[in-house]
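Chain nomenclature is as follows: A, B, C and D, assigned in order of appearance, with residue numbering initiated at 1 for each chain independently.
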Amino acid sequence: MENVKVKVAIIGSTGYGGVELIRFLMGHPHVEIVSVISSSSAGEPIADGFPHLSELMVQNLDGVDPQEIAEKADVVFTATPSGVSSKLVPQLLEVGLRVIDLSGDFRIKDRSEYEAWYRHEAAEQKWLDKAIYGLCEINGDLVIGSSFISNPGCFSTTTLLGLIPALNAGWIDPASIIIDAKSGVSGAGRGTSLTTHYAEMNENMKVYKVNKHQHIPEIEQELSLAAGSPVMVTFTTHLVPMTRGIMSTMYAKLQGDYTEEGLISLYREFYAGRPFIRIREAGKWPATKEVFGSNYCDIGFSVDDRTGRVTIIAVTDNVVKGAAGQAIQNLNLMMGWDETTGLKLSPVYP
Amino acid sequence: MENVKVKVAIIGSTGYGGVELIRFLMGHPHVEIVSVISSSSAGEPIADGFPHLSELMVQNLDGVDPQEIAEKADVVFTATPSGVSSKLVPQLLEVGLRVIDLSGDFRIKDRSEYEAWYRHEAAEQKWLDKAIYGLCEINGDLVIGSSFISNPGCFSTTTLLGLIPALNAGWIDPASIIIDAKSGVSGAGRGTSLTTHYAEMNENMKVYKVNKHQHIPEIEQELSLAAGSPVMVTFTTHLVPMTRGIMSTMYAKLQGDYTEEGLISLYREFYAGRPFIRIREAGKWPATKEVFGSNYCDIGFSVDDRTGRVTIIAVTDNVVKGAAGQAIQNLNLMMGWDETTGLKLSPVYP
Amino acid sequence: MENVKVKVAIIGSTGYGGVELIRFLMGHPHVEIVSVISSSSAGEPIADGFPHLSELMVQNLDGVDPQEIAEKADVVFTATPSGVSSKLVPQLLEVGLRVIDLSGDFRIKDRSEYEAWYRHEAAEQKWLDKAIYGLCEINGDLVIGSSFISNPGCFSTTTLLGLIPALNAGWIDPASIIIDAKSGVSGAGRGTSLTTHYAEMNENMKVYKVNKHQHIPEIEQELSLAAGSPVMVTFTTHLVPMTRGIMSTMYAKLQGDYTEEGLISLYREFYAGRPFIRIREAGKWPATKEVFGSNYCDIGFSVDDRTGRVTIIAVTDNVVKGAAGQAIQNLNLMMGWDETTGLKLSPVYP
Amino acid sequence: MENVKVKVAIIGSTGYGGVELIRFLMGHPHVEIVSVISSSSAGEPIADGFPHLSELMVQNLDGVDPQEIAEKADVVFTATPSGVSSKLVPQLLEVGLRVIDLSGDFRIKDRSEYEAWYRHEAAEQKWLDKAIYGLCEINGDLVIGSSFISNPGCFSTTTLLGLIPALNAGWIDPASIIIDAKSGVSGAGRGTSLTTHYAEMNENMKVYKVNKHQHIPEIEQELSLAAGSPVMVTFTTHLVPMTRGIMSTMYAKLQGDYTEEGLISLYREFYAGRPFIRIREAGKWPATKEVFGSNYCDIGFSVDDRTGRVTIIAVTDNVVKGAAGQAIQNLNLMMGWDETTGLKLSPVYP
């Protein structure tokens, strides 16, 4: 297997998710990048827009042509916006490609729910039905051998990995969940706006889309599956003046006398054999910089005996575990490789 | 009154609260700074440690001597650490000075509660009984004419101003309150530590003292007064990579069909005539930069019909409304001046 | 004079220079802001785009109509882009307004020089001849009583204040001057671009317009006047990941055995009576934060006996002394007021 | 060779250079880390102080014992402070270890020169004579097969790589060199100080050690070798509010009619076969973020026909090419491996 490399193409190579896929895939022992694709910059060297790739990636950007891609590649990553993937991915699947889609378009199985939150037309139901929701530590078994993965959102990944073990065990009250999420600014993508203008965002903390973020239905869908009954959450997103990193601070009512040590054991057992989850000891909580540039999700706990609530803190790098890293983890699972292949990089610190 | 200036001294002039008092008091029309005091740097020009004050403040720092202070000054600000103020402030009061204390030492009326959270001895009960809790927009009437003010904490100010109107009106369930607070790093003071080391804190978000922060008893004491019954909260503090600014994101169960518009009206009425509180319109929420360098507390709301919860977002500049600015507002009230005197500065933007 | 306020209008109120004019002018004792003007947002409340001004500035933005402005105002600040001011300012002058222009359009007296660097048409020569170059500490006498000021550029101000005394005294070789300038990102204005996109600029240092910056001819024109002969400089501009602040590090060959102490004396004498210039003691150099939010220009020196060169470090806040603050200083001089009126604010620290 | 791994130890594993060595060496195919050593934290798990290494590096820290190290390891990296290495390294060499020293103690061959700049005793001359100055792209041939490398300083690396080709070719006047260097704050190490306190350094730019930085003699020593005659430089260091990155902006008089294209060709030829040097095209200059987290040194040029000077801009990541990365590059050369082994990581962007 080491000798015959899998050929991959990346659509949306000029976004942050795209270049992060390139960063990791360049070091992946079983993969060859055969095409980097951008609808807007086709024909240009990728290093023109991303000088950090100078001499590292000398290919010119290709245009989006499913048939051509199918001739070159085995697997394609679509790091394309919601509303684009819904149309493009079916074409790629139909020409026989395996697809790992990083958009939100195939995460929500209920079309009306999608349309209520995203405010444009959902993908066709048959494709929604085929897409595996690739939250690796939860659905990894379904990913193995599949050919179409919908890669989870950054807030969703961080939040779900932090809540599912406790919810699944019945330790927390599903009706009590409040999620206070914070993100670095790269989560907003490379498109310019006043919100992400340096002089407006530096030395500033903002809240946005309060109770309206499109990751809410995705989180609720997966929490409901874990709880075995419908779950609704209160969810707030904040922009923090840093480039990378998500911290999800989650609050819930405990349904019993559970301790921090108990939660730590529960989570360590739940995630046994899953190398990208690290559970902090009692009294310690993760900081976003401790996962910067890596595929880790680190989790810590505080139980408040006074109020009977637990506070769960989970952090990821939104561009890695929240996007490109998990997408490659899905590729690894899909192909039957060790899930850490090409991803065993230490966080960059400081 | 404009001709005879009130003479003030500042103890703790070499901390961030101290130099911010100097920034505002230099422009205060009714005040003369007669002594800037530091136990550690007495005898040195203040601009040696703070070159931004070069030529603006040429006085040398004085040592701490209550008798001497009383000979020079009418009012003294104590920007001293908790554990120091409890001993020092009574000496200042006993020599006839009016005192505005910025430490946590006189905020909590119950000595055992103080000692449980601060883990050192509380001030004497008689002084605790005398201290007015100077949350201006709530207790302003008590401040007028008083001679001893305990200036509220930065997290407490932001949180209490955000919750009290709704709690007082009975619109939110006192048992449901969760507070997710974020602070710029200046809140940790000028003492160096690995936590506040630039390379560790930049491009990083941290959580600390989860459920253990010493502002919890202060917040609960005041919320209980507003609710008319004991209130306990879940309270988390985060460090954000910026210098100034606090954002308190607060969650509570609504006890009725209240709308954002209703909350906005309630708060605008509650804070009528209080120029430092600004309530955002429906669908808008404040960012910390919008109050940077100023004494404002800006507040916004989101009601989630799906879960029946309200999210309240309040922001302040921790060094101003959370410390020096509110202390001067207390001075103004104490002396019978307009509460905005010397504080009518626009936020610095960008 | 204190009773009858001068009426001012601000064109370009929705840029960073414009809102900074508002911040300072709101506290100016002799000024009334009668109109805030924006061609793009006329009719809207200014706080819609700048929530930090909520309740502080409730006027709606006006459109640009010279006749209307002349009916309301005595003086107008034009914080408009280069290429716009050249056309607009003459109209304002012709209806009898006094004008302080913050653009580059009237700084360079030689039209062909302007056109070579700015690459569009210069203003008419007759207006260029009328404009006083308002570098207050150098040309203050010319500003008094004048009616048309061209306010210097941010890099130019910082650099010229740092070089002119030594050049004028003949202490440095005019042919040897190298200027390495660094700016915070607000200097690029409020218009969005990939360069100023948060995720691209945070944790990054960039160099731009090397040897091509349009402040070069302005600097050379004024240095030539100070030297009494043509001066050409090497000038590089860098973007630093901070919002405000300029540091100009300047290198020149000493034409004699001058010491740091000698330079300090020279500069203190040169700038005697000029409160916004602060000269650091030997062995100390200014940092940008030490002037943040203020109108100061702080200067320090290092003489290298080994190479016979002097290094001069000057810092300003680009939005204040580099733009709005100096414009108000020009207003003060123009009107015969103390030049610090409305500008006596301490730097904001930290 | 791939089967028998070289055993390495790292002294100073709890500094930023140390953990960066760990980050890269964990992925190095020919290396096994057998001991991570810290005099101050011996016995503790390294992840206690560096949670980003949780589960990645589970070894406890060892104490410093040359004999013990020699029993375990083949090569040792000493990421120890200047003044410590001078004593420790000889002991390690004497027990037969190969040493790559990251301190300044063996870089300067002239003991009196070292002592003039470092202000403490220099290492013994015999060890200074043995140490190879490991600037890989210049001295790589000397490194091959050697057993004792003095790894260059961060400012020195960036500056020397930027200047040597032009100086060596005689294109620039050696007497005219001015170096304006800027560094991220991690360059100051992990020890806390007011200078590197977040609230003091954020939104701030500082200049320090003007004409006094200890990298000056190192730079001059190597430039003199390249020029074939003594070179003295003017050198200024600045702290920029970012964690990683060095930019060296260098000015020199051209000794002929050289163009940007000519310089680009000269440098590309000079560095042919050296994969970590990337020369930008004419009109483009590197930004620090374009090498973040990687071992690249990127270089760009601007020739100013007006003044006859060239401006050379070179950037590195101070922790990688300026420390740990180059140290590993030296290991690779020392052992006869491809110099990119274990270092072929893309910069992290954004």
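In this section, a contact is a pair of C-beta atoms (placed from the backbone, for glycine too) under 8 Å apart; a residue touches a chain by one contact, two chains touch by 3 or more.
In this text, all values refer to a predicted model and were calculated from it rather than measured experimentally.
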Identity of the chain that, by mean CA position, is farthest from chain A: C
Centroid distance [mean C-alpha coordinates] between chain D and chain B, Å: 46
Cα-centroid distance, chain A relative to chain D, in whole angstrom: 36
Of all residues in chain C, the ones touching two or more other chains: 16, 184, 186, 199-200, 202-203, 241-244, 287, 289, 292, 350
Chain contact graph, described as a line, ring, star, complete graph or other shape: complete
Of chain A, residues touching chain B in the complex: 178, 180, 182, 184, 199-200, 202-208, 210-211, 232-234, 236, 238, 240-245, 247, 249, 251, 285, 287-289, 292, 300, 302, 304, 306-307, 309, 311, 313, 315, 350
In the complex with chain B, residue positions of chain C that touch it: 16, 19, 22-23, 26-27, 50-56, 186, 202-203, 243-244, 275, 278, 280, 284, 286-287, 289-294, 298, 319, 344-350
Of chain C, residues touching chain A in the complex: 16, 184-186, 188, 190, 192-194, 196-203, 241-243
